[in-house]
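Naming follows writing order (A, B, C and D), and every chain is counted from residue 1.
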């Protein structure tokens, strides 16, 4: 029964909220995350290999299992990292115990809401869960009491709420289109029911519904014209949180889009995939523009999230077994690499005290281990081969070529190379030269390097090999897509 | 014999070496890592010899990849290139071991990783393995050549990374198309995709492959990274970059064009490739003549040599399109022979110039001179390299350049006269390029080792110990051997190249001389023997005239006291040719006179700089254009929440209205 | 299944909602804005009641009561409380002038009708009319957030969009499953609460609620 | 490699070695006669070489170990080139190298001589080498292109096969491309051997000398070897011109009568070319250095036209 999985973060949030001294909060937070990971394994295994778990309120098939795995892994990494990150901030007196309690409890509530999004069966409940994630993360974005953080939180809240309202309108229209076929029964918004009857939905309503969904959830997923909140929220939020936002929150919104995309593609073949391709390309173009002239490190990483969300949308838009496998693998690879890069950025910002990339010089000499992580992570995030993101882009490119859209493949290559150039230039010029004098060399904390090593190793291994367990898991999702769309 | 051990040794030892270099502190760990690298190189050489004797070997690696199992396969064609590259790896690892230059943890581990990726790319039989290995090679070499990470190093190395990445994306796209078109994932199973893909599509494929691999070889539009990088990078990595990386590029390019895609009638593509290669060769030679840094001269010389190789491959495509596979086989064989000899003498020269740079602390040849007297052994080795690269008879460069010239002399195969002009023009550009390049090489040797030292560093250089010269001996010997005993290598090349163009066997070698059927042959061994006898006879004849008396006097100085400044400088040496090709260089010369107290004495400053044409009117406008557009477009994120919501609403309204 | 009288009432009330949203756009003072929003919610509750007793499904009654209580009374009171507490200046400084925004709202209404035309088959004219009005209320709510400076007006704009949504729910599907209705209302209420907290914080950090000052985060 | 071939080749090499100083002496004699002065005897070169062979060598302190090796390499290369040349009998070149290899042999000689010039660090050596390199950078491609046209006509690049083909086919083969190639080779001969329009062999005036500048540092027996090598190069160029382009009278098979005719024919042709060289030298004044590229590009275009005309006509 999946409630147990949801119970763990709730309990950890309460425990963190109530405990008084600092050590307890850390222990509860990390222990809670790890227990959640352990609890999730059997459910995901069952969902991947035995078939979807369909209880009264919850519906967990292989697609949601992938997202559960990502949420669980990244939250574990973030909680371990934020322990060390905040210990440093506490020594500098920026954080009070109250803030710490506030931070860790909100972190686990945020995880709970994200788990809800991917487990729940009915689209309405999914919408409510997404709205809840916005509300939970609004406070995390506005965590620091500075005016910029406030401004970023307000913009995040308003733009995402508007987006989600439009998404609700889309869901209502989907519901309206299904009323004609199913009648008004309680379950006509459940995905399992809708997916079985997807091809008889009223096409006109489904088309308008998907437009609202892609605009609404696209805002949450950071697709191009609606991405404007993303760089502000990520640059002002505490770094572990911006890692969580980039790696997991955007994916949950993409999960919502995918659910409706499956329905819409069955009802009106070709419509939703061309929209996904359009928004994917727009995101790549916007990301390229802003990465080439980026000055702030975390804003650059935020725009790289826009880029990778664009690539994922492009992958699903192109369709075909190759591109879908590529997009799924890209989701996994992107969350791992982006968290690694945000952790690296966190170390750099805490050491240099600034986010301006032109003031950060001589990383190799100041903090060699983080420098290795950032250089390899930078190469990975830019999509160079021995790392996992390249395999994702490779599969999506082969999907595009297999489906015969050569112009799209050409534009894709051009944009990716442009972003590769911009990203690598910034990262490698940060790590060259000599640091400004008076900067003590050496790492800030030891514990924070553990999650970074794990992530770097995972990204490298996934880049070179494709273990069977992952290939079977992603294969089952691809079969799900094929049988719905193919 | 137990064949499996060799490839496993070849592929796993570098990993162990890289691990050893990084994890344990202390210098002997790095020495062991270099030893691992050289042992794996030696096992690679033995394995390729084994394959040359026993025939193709292929293994499936137990590692799963996205497109099925990775696999490696080594056929006789690849074995030859792997043999020569392993020898180069062994001697370069010895070089960086003895010269203590690459002894840092980073240098040792990256050397091992680079070697692993090069070897993996050469033996890869799986599409994805080849592409991943190919780009890991450029990533590891980027990290290796990043030098001591000053800002200038980063911009030079970054240009290299971005240009090769763009090239790699082209290669990836074309290989994806090839494997999808043929439905195969194993490279050895793919052949003749052009028959099913049509001529226009295979023409674009070939052009993409040539431009993709050209970015690594220094083909014209993509050559901008080469000179700057060679000037700033550690010499072990430049040696590897110019030899091992180019070997992989040309090997995979030839296999892809002639094997996987198959050339049926690609006359226009062949002409474009030949034109591009010819202009690259000429441009490389002309620029090599005016560079003042020894590594930059060698960078442009690599560009020129790669231009010649691509020119001959273009000619091979032309012959193949006109149906004469035998001439195409001879052209490919000549190109690969030149590639092999280029690997040897270029890495020898780069390592030697690295030693010169470390001994004198000076890279600029304007400040060197007179090193032959203080470092005689090094100058002898450098001379062997220079004679080989300038294609003078007994050495490797001569035999391969001769073969390239002969392979171009088959104009009668081409039927329509308009295309026939291509070959004589190709020969003209090749001859001009080699002539100008030999001037550049002579200038390089002459002004480093001859005359009087022009700087304190050159006057008393750090003495070069014996073990530092140790890696040069096998290379110099190889230069001579390849030149003199080129026969066995050519027979092997001929037999391994012919299946590529669909022939069972091509008899380009008769008796003792390389003889392209009727067109006159070269007996390299005989020629060198006659030359040696000639020199010996003159020596004996002159000695028989009795004891010679040798006196040491001053150089002829017409009465003025000679010092470091009263002798020709490299810039002066290349002025006449610079004036001959004035239009191409269009130098900006500024002559300024400072007023001096006495009216008779004037001090005049002569300052000349040569614009880099490609950077000034192609890359710089491109980059500033992109930056201009993106700064303009950045206004979009102007911070006001109202505009952000307006974007949302406008997209919604537009989509709803348009897609009604 | 709904007799003619019911349809006329619903059409009339829907038209009234559209009129009020135009009124909101034209409002100059904050008090007027909040009161017209409250009025709109009340009319929405009325439509819900009329529809409920015609279709006989009792959970629409619950929707009506909730709209009336939460959106009709609780939220406007909470907003008035914040206005007094923060001693905000009462005028609404519009970014886009009143006449221009009215014109744009009219165009948005036309677009809404243009969009809904193919959606609902011509049979149920009422639902098509209600859906079109729902769309236009949503568009006007969004435009409201774009064209006004104050943070409070943005909150009101968002709530107007919610009203449009509820109208859409009622008109097309005669009410979603109850659990989802409750969830939506709970979320809306929570959103308003959190926005209120943020408005207090903004007022404390920026000393003004004018969002045009908040443009420090730009590239 | 029949024994008779080896003997014939050796005689050919000795014949060339002996004849080359004579030819230079004859050219000097003719030039002096044209300038209405007596001039030294035609055997003067032999006396110079004999005198130099017995003189001691003075070597610059700043010269390296290569300085003394260079003369031997140069003369050795010329001897090897002489072995490859068909002088009397077309079969004698026994296939160790073809025309392209011959041109690279010339390249060694020039490369080593220029290195010798740079040895002492004297500005005259540097100036001579840099100018020699400017000239050779354009002459070498010209030579290669004219070879290509001759190879295209005769279908092979092997020296003896070319001369046998031209000798056996008589007048029918005198196509315009052959004359263009011959003109290009003649200009290259003048350039390579530093005859007047390019450089004045007789002068020691620093600013004008190219060839002499490089030999300035040499003395005694090394100078003798270098002088003989230069003479050999001039003769070999003439042999190329006579036996490859107009090989009439060369012995096709090994019987006494044909060999005698061949010897007479080769001597006559060499004299004829020496006269032609001497006359052109006397008619033209030495060109300014930066006028030379125009002349050299003329020869380059001539050889290019030779190749083009073969294919177009």
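The definition used in the following text is that a residue touches a chain if its C-beta (ideal position, glycine included) is under 8 Å from a C-beta of that chain, and two chains touch if they have at least 3 such contacts.
All of these numbers come straight from a predicted model, not from anything done at the bench.
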Query raised in the report: Can you name the chain that lies farthest from chain A, using the mean of each chain's Cα atoms as its centre?
Result: D
Report summary line: More Cb-Cb contact pairs, comparing A-C against B-C, go to A-C
Report task. Round to the nearest whole Å and give the separation of the Cα centres of chain A and chain D. Result -> 78
Requested in this report: Report the inter-chain centroid distance for chain C and chain D in whole angstrom, where each centroid is the mean of the CA atoms.
Outcome: 101
**Report entry** Rounded Å distance between chain A and chain C, as computed from the means of their C-alpha atoms
**Finding:** 32
**Report entry** Euclidean distance of C-alpha centroids - chain B vs chain C, Å
**Finding:** 70
Query raised in the report: Hey, what residues on chain C touch two or more of the other chains?
Result: 115, 118, 142, 145, 154, 211, 214, 216-217, 219
Requested in this report: Could you list which residues of chain B touch at least two other chains?
Outcome: 634, 637, 641, 645, 648, 656
Query - Residues within chain A bordering two or more other chains - result: 154-155, 158, 162, 166, 208, 231, 290, 293
Query raised in the report: Which two-chain combinations qualify as touching?
Result: A-B, A-C, B-C, B-D
Report summary line: So, in the complex, the side of chain C touching chain A is made of residues 57, 115, 118-119, 138, 142, 145, 151, 154, 158, 161-162, 164-165, 168-169, 172-174, 176-177, 179-180, 183-184, 186-187, 190-191, 194-195, 198, 201-202, 205-206, 211, 214, 216-217, 219
Query raised in the report: In the complex of these two chains, what residues of chain C are touching chain B?
Result: 95, 108, 111, 114-115, 118, 139, 142-143, 145-147, 154, 211-212, 214-219
Query - chain A-touching residues of chain B, taken from the complex the two chains share - result: 63-66, 128, 131-132, 134-136, 139, 143, 146, 149-151, 153-155, 157-158, 161-162, 165-166, 168-170, 172-173, 176-177, 180, 626-627, 629-631, 633-634, 636-637, 641, 643-645, 647-648, 650-652, 655-656, 659
Query raised in the report: Where on chain B is chain D touching in the complex?
Result: 369-370, 372-373, 376, 379-380, 383, 387, 390-393, 398, 401-402, 405-406, 409, 411-412, 417, 420-421, 424, 427-428, 431-432, 434-436, 438-439, 442-443, 445-447, 449-452, 513, 518-523, 526-527, 530-532, 534-539, 542, 545, 548-558, 562, 566-568, 572-577, 579-580
Query - Contact set on chain B toward chain C in their complex - result: 634, 637-642, 645-646, 648-649, 653, 656-657, 660
